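Structures follow.
Two complexes, one shared chain (subunit A), two partners (subunit B, subunit C).
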Partner chain A sequence: MRANLVCLWAFIAARNSIAVNSIDDELVIPNETESAGSADQTCSILKSSNSPENNTYTVGKKEREEPEIVEELEIGLDGDTKINAVLFSNETIIKYPFGEELTLKPLPRNFMLASFAFELQSNNFTVGKTESAYDTYRHYTVFPKALSPILEYTQTRQLHLRFTHGRWDAESWGQLPHNGTKSGGNGVELWAVVEAGSQHEAFENWIMLANSLSGLFCSSINFIDVEKTTYPVSSFQPAEERTIPIFNSSNQAYLLRAALANEPICTENLTPFLKLLPTRGRSGISSLLDGHKVFDSNWHSLSIDVETSCNGDTCQYQMEENIEMVFNVPNSLARADNPIPKPVRDSDLQCDESKPHDSWECFPLPQSKHTNFQLSKLFGKKILGSNLISENPSKVCAQVSDSWTVYVGIDDDLFATDDNCFTIKNDQLHDIHLKSDNTAHLKECEDVPLFVSRSLTGYGQDSGGLRTVFSNPSNESVQAIYFESLPWYMRLYLSSLKIESDAGLEIGDVIKSTFYLPAIDRERPTHLEFNITIPAETTLALTYQFDKALLKYAEYPPDANHGFEIESALVTVLTPIHYEMRTTTLLLSLSTPDFSMPYNVIILTSTVMGLAFGTLFNLMVKKLVTIEEADKKASAKVGLKAKLIAKLKKLKGKGDKVNQLKKDQ
Partner chain B sequence: MNLRELQVVVACVASRFGTSTVFPFLQQQLDKSVEFSTPVTSYRSLQEGVFLLRNEFPLYSGGVVHHAPLLVALISVFNSETMVSLLYACADALVAYQLIAMAKYFRSSSLPSWVPGALYVINPLVLLSSVSKSSIVFSNLAISTALLTALQGNWVCSAVSIAVASYLSLYPLTLIVPLLALLRNHKLKTLSTAAVTLAALLLSSYKQNDESWNYLFSTYGVIMTFSKIIPNLGLWWYFFVELFEMFIPFFKAVFNLFAVSCIIPFSLRFHKQPFYAFLLCLFWITLTKPYPTLGDGGFLLSFIPFFKPLYGYFRYSVISTLLFIHVSVLSPIFYHLWVDLGSGNSNFFYAISLVYALGLATVLVDLVWAMLRIEYDKGKPNLHLKLTPI
Partner chain C sequence: MSQLFLRRVVAVWFAAIYALIGLPLWYKLTTIYRAPLPGEYVSSLRENMHADVHVVVPVYVRSDTYKFPDIHRAIQAQADALLRSKPSTIDWSLQVMPAEKNQTLDLESDYVLTLVLDDFTGYAIPYDSKETVVFFDDTAVLSNDVPFFAAQTLIEHTFAAEWTHFSGSTSVQDENTLDIDSEMVISYSPTMHLSLSLLTGDGRPVAWDIESTLNQYFTPLRRFLSPLVNFTVDTSILPFNDLNLGSLHDVQDPSWQDLAHSVDLSELSSINHYREKNVVNLAIVFPSPEAGQLAFINATQDRPWQSFMVPQWGALVVNKEALPDNARITQDYLAPVIYSFACELFQFLGLSSEKADLSTPYTTIDSFKRIMTLKNLEQGVETLWSLVKLTNQFPQMSVPKRVLADVERAVELRLQAVELINDPKQGNEAIWNEALRLSNDFVQVCERAFFHKEMVQQNFFPQEHKIAVYLPLLGPISVIIFTGLIKALREKHGDDAEDHLNGKKSLKFDSDKPLQSEDTS
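And then the complex of A and B:
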């Protein structure tokens, strides 16, 4: 029986490899290495030594080795194909708790949201048996092996990581996908529920977690430190239906959160995301994900949520991974046709003919309402079949109105379904065709309950203000929590909090409760949480003032004059719906010292101090005498000097004599 | 108090209070200027303290409030801004009155006694400092009270005042040394009274601050360790911005030692003129303290009329006058160029702070020199005599 199972395993492996192999042969990706090189050049690399290149290299090597093994296996198994085929079609083969779905949603003005969702679960594990214990073993199956030990030794019960970049145009695109719960502020955002005996221990675990994730995701998450970490009170709360399992009853769960606003999101961050998936981006919908295309979008967000759920002593990790992006479809298609942008030839110009036009002058027509494109044009690849290991086949859905027709293309055949959802079952190449004669006709975008925008006020580099505008367009009042974490070098004056409102609202009408933890220099950020109520159809602004501190010479980043990124604020809407949104990040410019001056400053300041002290000391310890007296004494001193000179001369004379004696000898 | 003196005092209240009420924005502007406000004296930080106190937030858990707890509690009693303005105006007028009272102890001087007070009233540095509601006004008041009551021989009052001054801004604690020379018959009593008062103030602050000692670091620790690096006219800020990290603790100790280094020498050398010794010490503190403002400088310069007999001996009076004019004209301009326009850099303002230090140092050196000269001449100025120290 056991042998049989092993055989089955080998076959599945072989089959998968063959599939991958054959697809690799078919798929012609021109200049892949060249473009990868250019991508690396565009990324600013400020990373830890755990570089992704190493990882990629080893994996690639393995895969290169695999086909050889496959061939051997094929030879061995050649006679038994029939039996194996029967086995394979049988539903008894192991299917893993993994699901993936791609949702396509056209947005106004020819934008399109592509949202990849992956869900997976770990095998059960028992509380109290650590991974490193010698008599325990663990199967990982689909759950990433890299993540589980990190979660275990940092005692992390919930982990939420967000990599987001770009601006979500809420006014035109409506609500964020997943009610905003899966996207972060610009840069990297991390929050976690950590089990620990004390807050100090929780913080140590947290730093360990950040450092480990930093290596895993090829990003500077290790820059998270005490200056950036907050302990949110009413924001970032775990969903109520989930209880946080505590493994040791004397411990407590701590919620910690930090964000790095100036962290660039790049291809090197996507690769580790794909590696966490059991399909490794080699089959299923994840095969579409290519760094060049994902990061060429107007807005993109990568997120990971890991939660621990327990039933008695047996526990399980549940992980959700979301990769979402918004494309400008015409731009992306044009880029696919013509990777190097060139001016349009005058014969291809679509000019407004009611106005004067020639090859020099052209008023372009509005964008065409007709569209017809394939997903493979947007992503540069076709879907490489289903994921093959999951209990659920891969799924692709398009949320479109009647004006759109969506087909799935397998080889040259096109198929359509009623609900525009397709399941991808076999390992053939799939492509999605989208066609519309009125791209403006879309499925209703749901309006956001609240618009929030935040900006810096003031012009000097020594002080400034923050102004946050809340606008509630609906006819219901909105209750929300405003969370803000500001670096310590913004010295906030909460007493300067003012409200600007046409409706004549007072602070007490809007801010129902405040949590305020002021910053401590180099030890803690300002942590501010307002429980706010915005009345229906009202716009109001909250302003407060702050001073900017001067940092020490070595605390400035290399590009100090660029400014400091201030992380985005989070608004959690509680009623009428649960929704999360973030403001944009801000760029704060601090006054800088002259970085070339250290020695000069030390010398000049010391000179002034020495001058003052020296002169005073001189005056106080010396005796005042008239100049005549002083001269007399000075001449007396000259006598002494003369004596000395005479003595020296004497010595010299002696020396000469000695020399002469020597010469004589 | 004669009519002229009364006029001076009333003019003082009227000018301060009037400017605050007529130009309410002037206060905010001045409070933001580095010449008149520092993190440990600024009014907006005091207001933040009052706000936190009223809303029952812990006062010193953050890094914004550096005022003494009792001062915050005192200001929080006043509800209206006008009352606070009046309080500052009255405190300043009291200083003016005390200067007049002090002048009466120097009858040998040919100046009428109201002149120092009048000069204090019209001194723009003091006026602007008072309008900016810098808490240095209260320290100055406490120091001048200590000096006046010491002249009067009222050792209790003097000891209490100097304790209050040191409670408000730490470094006046060292002024107790020259004060003991003034009250030479009650040294022990003065010292113990000051110590008891200071202890009482600290203890009541401890009670006021929800039985927590954390205010000690936020008020005095911040001054001694210079942990808020903000541009000011002192010698410390740019030095510690630019200094390499590993040397910072050592140089903080050196700078603190420097700030107290001349106190005992002055008090010993001029123990026969304790009033002058006291002022020289005050000068020295203003020169070396980590967070000086022009308010300190203005207060000091108000004592210059008392040195009238020495005027003839001053060697650098032109230079020091020019240096002060140079500072007061260029400092706001250079700061603006650096911070607002970005067309200058920090060295511009640093240069100005060096010039200010040089200005104070030349005045101090001149005063010491003049004092030594008049000592040599035994009180009868003989300006033609050329002397030199050897």
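And then the complex of A and C:
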């Protein structure tokens, strides 16, 4: 059996011996006489053993424009048979499952949302085939090779990662893009569906996943631990239309979630995002993305969603990557013109002329409603052609009202379309021109179904409170799930839950069901999920109290006085529309010890002990005498002091005598 | 007893308790735990690296035509003499045994020497078994040359690898260790990852018939190598990465050195999240059309690429021309690349040096197993020795119990492996596989012991901290005790007489008082 397997191999091996002659510092080059064109090599291709001498080569013309031309070679063999060895064929058009789109949406007050969306799919892989099986080969084309092994060895079936920073002004900008499902709270947020035999195993996989992602995205995701991880019950649920494939039928799927509040997000997080794309930021719309510009925005969100979908035993990963940001257009343009801010010349000042104005005093006019700018100025670069690998060429769309005109600029030509969507073609440089006479006239922003804000109340270092205000502006009642995960050092009293409402609502009217998993010190965070209904046009507030726990000496972070970031709460609106939003993060200040105190305590205690011991020791070792004896001894021993005293007394005595004499006289 | 004497005794007692009980107790309670490692045993192991190893390989002799009743003894004697002729790093010998009549020999697992009567003398080693065929003629029988010839064939050809590595100790620096380190060789581990990448300098779409090529040409190799090393394989297409070869375009007549200096493998090497410890790479690189053709590549029409080996990394296949538009790389292109890579793979594994060919893969792999087992034993002992040296050099470093347990386990594993190797009755393939597995475990356990994280962590905890924390307590107490002692000792004897009187008085006084108070009460 084995002999047959080896047969082919050994046969080839016996005929060839690769000789390596020269070795330089880094590379070893096979002997050049052996390296190319020997028929021994082609024998293995053609699986015949003809003599090498009479090979003739004819190679087709190399003209890249002609699609039919193939580099080919014909090897004349002993007889008349000719076998064509085609090295590169181009009969089929190669396309990969990849799509990218950039959406530009002007927002009120000269803001603009730029939303980059990428979609890609992995190659198929078969469930239940071990990697080390002899005929198992994993192939990667567009799906990132860096991500796939992580998902496999942690048995992750769904992965959702969010990097978000900034404030989304919901009152003015309306709904978040993608109904809020693609943006997290301030900082980093991660949730995943992990397949495992037990919750313990799921948690181990989860920690492994977090550590691996931490390395991949250059971020502190590895700080996710048992204190931060929750198992959401009704929030973060995978979309219903997708079933989660379970590879081993004795296993279960576990949903785990954790967030790192206010984790700084920077260029080093964007670079891995670009590296995951098959275009690597070198072509297509991703060529616009530059850390300096992305993180200069008022709000930005980077997200990745990977889902596993299976058809029988054949599975594949589907990945969506979104990079979204909101610019203040005038500010960004000004910064592009003038990277170092300088005061405006007085001649360039636009002052409100109805008010007093001179070189020192100026009330600025409201911002101009006219705008005319190019995307290349906003991002610092032009779009470097389309992605060439996908069926769908890269696309740029602008969602604007009639007051705006949008052109695509290729070289010096400008083109416009009816729907303001442009297809990027080939590898030419593209630029988008946006022009408007009335920047305030925009496409209608969709209203947010619910406003939520959360804040800390109370003062002092031993207790506090949380107050969450829900406000439903619409005339429909809103049903939602409120999810909150609080660290264990906020000792929550659910009994103190109160409702403040002008409409006189009771808790039972608002909170339909509660899931509450109390925290365990250093082992579990507080996990709270409310199923709430907010009646139409109502504002209400939920408050509850908590105690602040004392941390151990070593549990304080290096900047202990900064306070502790509390992650944002999630509100998932179920009706009337599906929408997700998050509150802002909070900064909780705990009582922070004076860190030199332990040493002070040591010193103080030691001193007391030293004093006690000294007294005891002296009692036992020193000589005990009565006072009389001591006095006697002191008088017997005439010391220097005694002599001095005696002399002084003498002097005094003389003086007294003299005085007496004087008095007498 | 004089009062001074009593006071002195008390002071001395305090000082004695302080110095003899207090200090040792304090020291004992505050020192870092250091498990007692078998340092001497490890260093003796290292000094006489393979002293307790004696590799014995059983060989069965059979003869088809003539019956030689004592041929195995004669061959044994000749083989022993031949092996003695060269100084050996590792003791090894053949155990020549006659093949019993009813014994069925498995040519794929046992070494068999077959003597065949022919018109000439010669030998043959088939590539599909572990049989050695020695041809002899009648004159050889008459002149009694057959045993010597058989012994020579066995040692110099069938066991050529052992002959060079175990006996032919050419290394000057250390006679005790095996030298199979070529600069190419990727350190051995039982599972390895193979990463094949297709790199293009631009973003145009490319495809390759890699699955079918690998299934046809690489699967047999994986299966064949599986007792030795198991591979996991992935392939990927990476656009926009030409390993910085484009920069060579401007260079006039670039040399190999230029190539070596400008190739940038960082991206290929850094994005790996493989579970295997060792990775072998194959990168097929096409320059971008803008970069133009790479003039230094010695390419021909049917083989437009040249292969380079990067030490301990893998193979680099550099193409002269950019890919045509919309190209699908066919099996015709890939098969020679995979073949060439497979040959290089043997070098990366250390299975063959540049000269050796794989005409006898069965015996080569078996020999490689033996060499690797011994190399592993060596490597593990070196790791243990480093651990012992490290703990000796840093007296402040903690040595947890776990490390001790690992070291003990490692020593035990080593003994098990050595026992298997030394047993002359067991020499078949399964035993060597087991020995290799044990030696792999040995290396792993040794490394786990060495890289225990607590050892390093504790090393950064300075000893001064201990002094700083305890000084406020120990300082005053020491001062009190010792000044008290000195004072008591320095008190003059002149005082003693007086003290004696005074003492009596005071004692009397003391004893009077309670009496008085008793009276009053």
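In this section, the second predicted complex is superposed on the first by the 504 of 665 C-alpha atoms of A that agree within 3 Å, B and C clash if a C-alpha of one lies under 4 Å from a C-alpha of the other, contacts with A are read in each partner's own complex, and residues count from 1 in each chain.
Just so we're on the same page, a residue touches a chain if its C-beta (ideal position, glycine included) is under 8 Å from a C-beta of that chain, and two chains touch if they have at least 3 such contacts.
Note that the coordinates shown come from a computational prediction; the quantities given were computed from them, not determined experimentally.
Contacts of A:429 after superposition on the shared chain: neither subunit B nor subunit C is touched. In the superposition on chain A, contact is made by A:149 with subunit C only, not with subunit B. In the superposition on chain A, A:541 contacts neither subunit B nor subunit C.
Applying the stated contact rule after C-alpha superposition, one finds that A:609 touches each of subunit B and subunit C. When subunit B and subunit C are set side by side, the one touching more residues of subunit A is C.
Within the superposed three-chain model, A:520 lies in touch with subunit B and out of touch with subunit C [touch as defined at top].
In the overlay built on the shared chain, the residue A:618 is in contact with subunit B and with subunit C. Of the two partner chains placed by the overlay, only subunit C lies in contact with A:140; subunit B stays clear of it.
By the touch criterion defined above, A:491 lies against subunit B but remains apart from subunit C after alignment on the C-alpha atoms of chain A. Of the two partner chains placed by the overlay, only subunit C lies in contact with A:96; subunit B stays clear of it. Judged by the document's definition of touching, subunit A residues 602, 605, 609, 613, 617-618, 620, 622-626 lie at the interface with subunit B and also at the interface with subunit C.
The touching residues of subunit A, when paired with subunit B in their complex, are 459-463, 488, 491-496, 516-521, 526, 545, 547, 549-554, 591-594, 597-598, 601-602, 604-605, 608-609, 611-613, 615-620, 622-627, 630, 633.
By the touch criterion given at the top, residues 32, 34, 44-45, 47-48, 50-52, 57, 61-64, 227-231, 235, 237-245, 248, 258, 261-262, 265-266, 269, 287-288, 338-340, 342, 345-347, 350, 354, 357-358, 361, 364-365, 368-369, 372-373, 375-376, 385-390 of subunit B touch subunit A in their complex. Touching subunit A in their complex are the following residues of subunit C: 3-4, 7, 10-11, 14, 108, 127-129, 183-184, 191, 203-207, 210-211, 214-215, 217, 219-224, 226, 230-237, 239-241, 256-257, 259-261, 263, 271, 273-275, 289, 298-304, 306-311, 316, 321, 323-333, 335-336, 339-340, 343-344, 347, 354-355, 357-359, 361-362, 468-469, 472-473, 475-477, 480-481, 484, 487-488, 499, 502, 505-506, 509-510.
Listing the residues of subunit A that touch subunit C in their complex gives 2-3, 5-10, 12-14, 16-30, 32, 35-37, 41-42, 44-45, 57, 59, 62, 64, 67, 69, 71, 73, 75, 85-96, 131-132, 134-141, 145-146, 149-150, 153, 212, 216, 275, 278-280, 282-283, 387-389, 599, 602-603, 605-607, 609-610, 613-614, 617-618, 620-626, 629.
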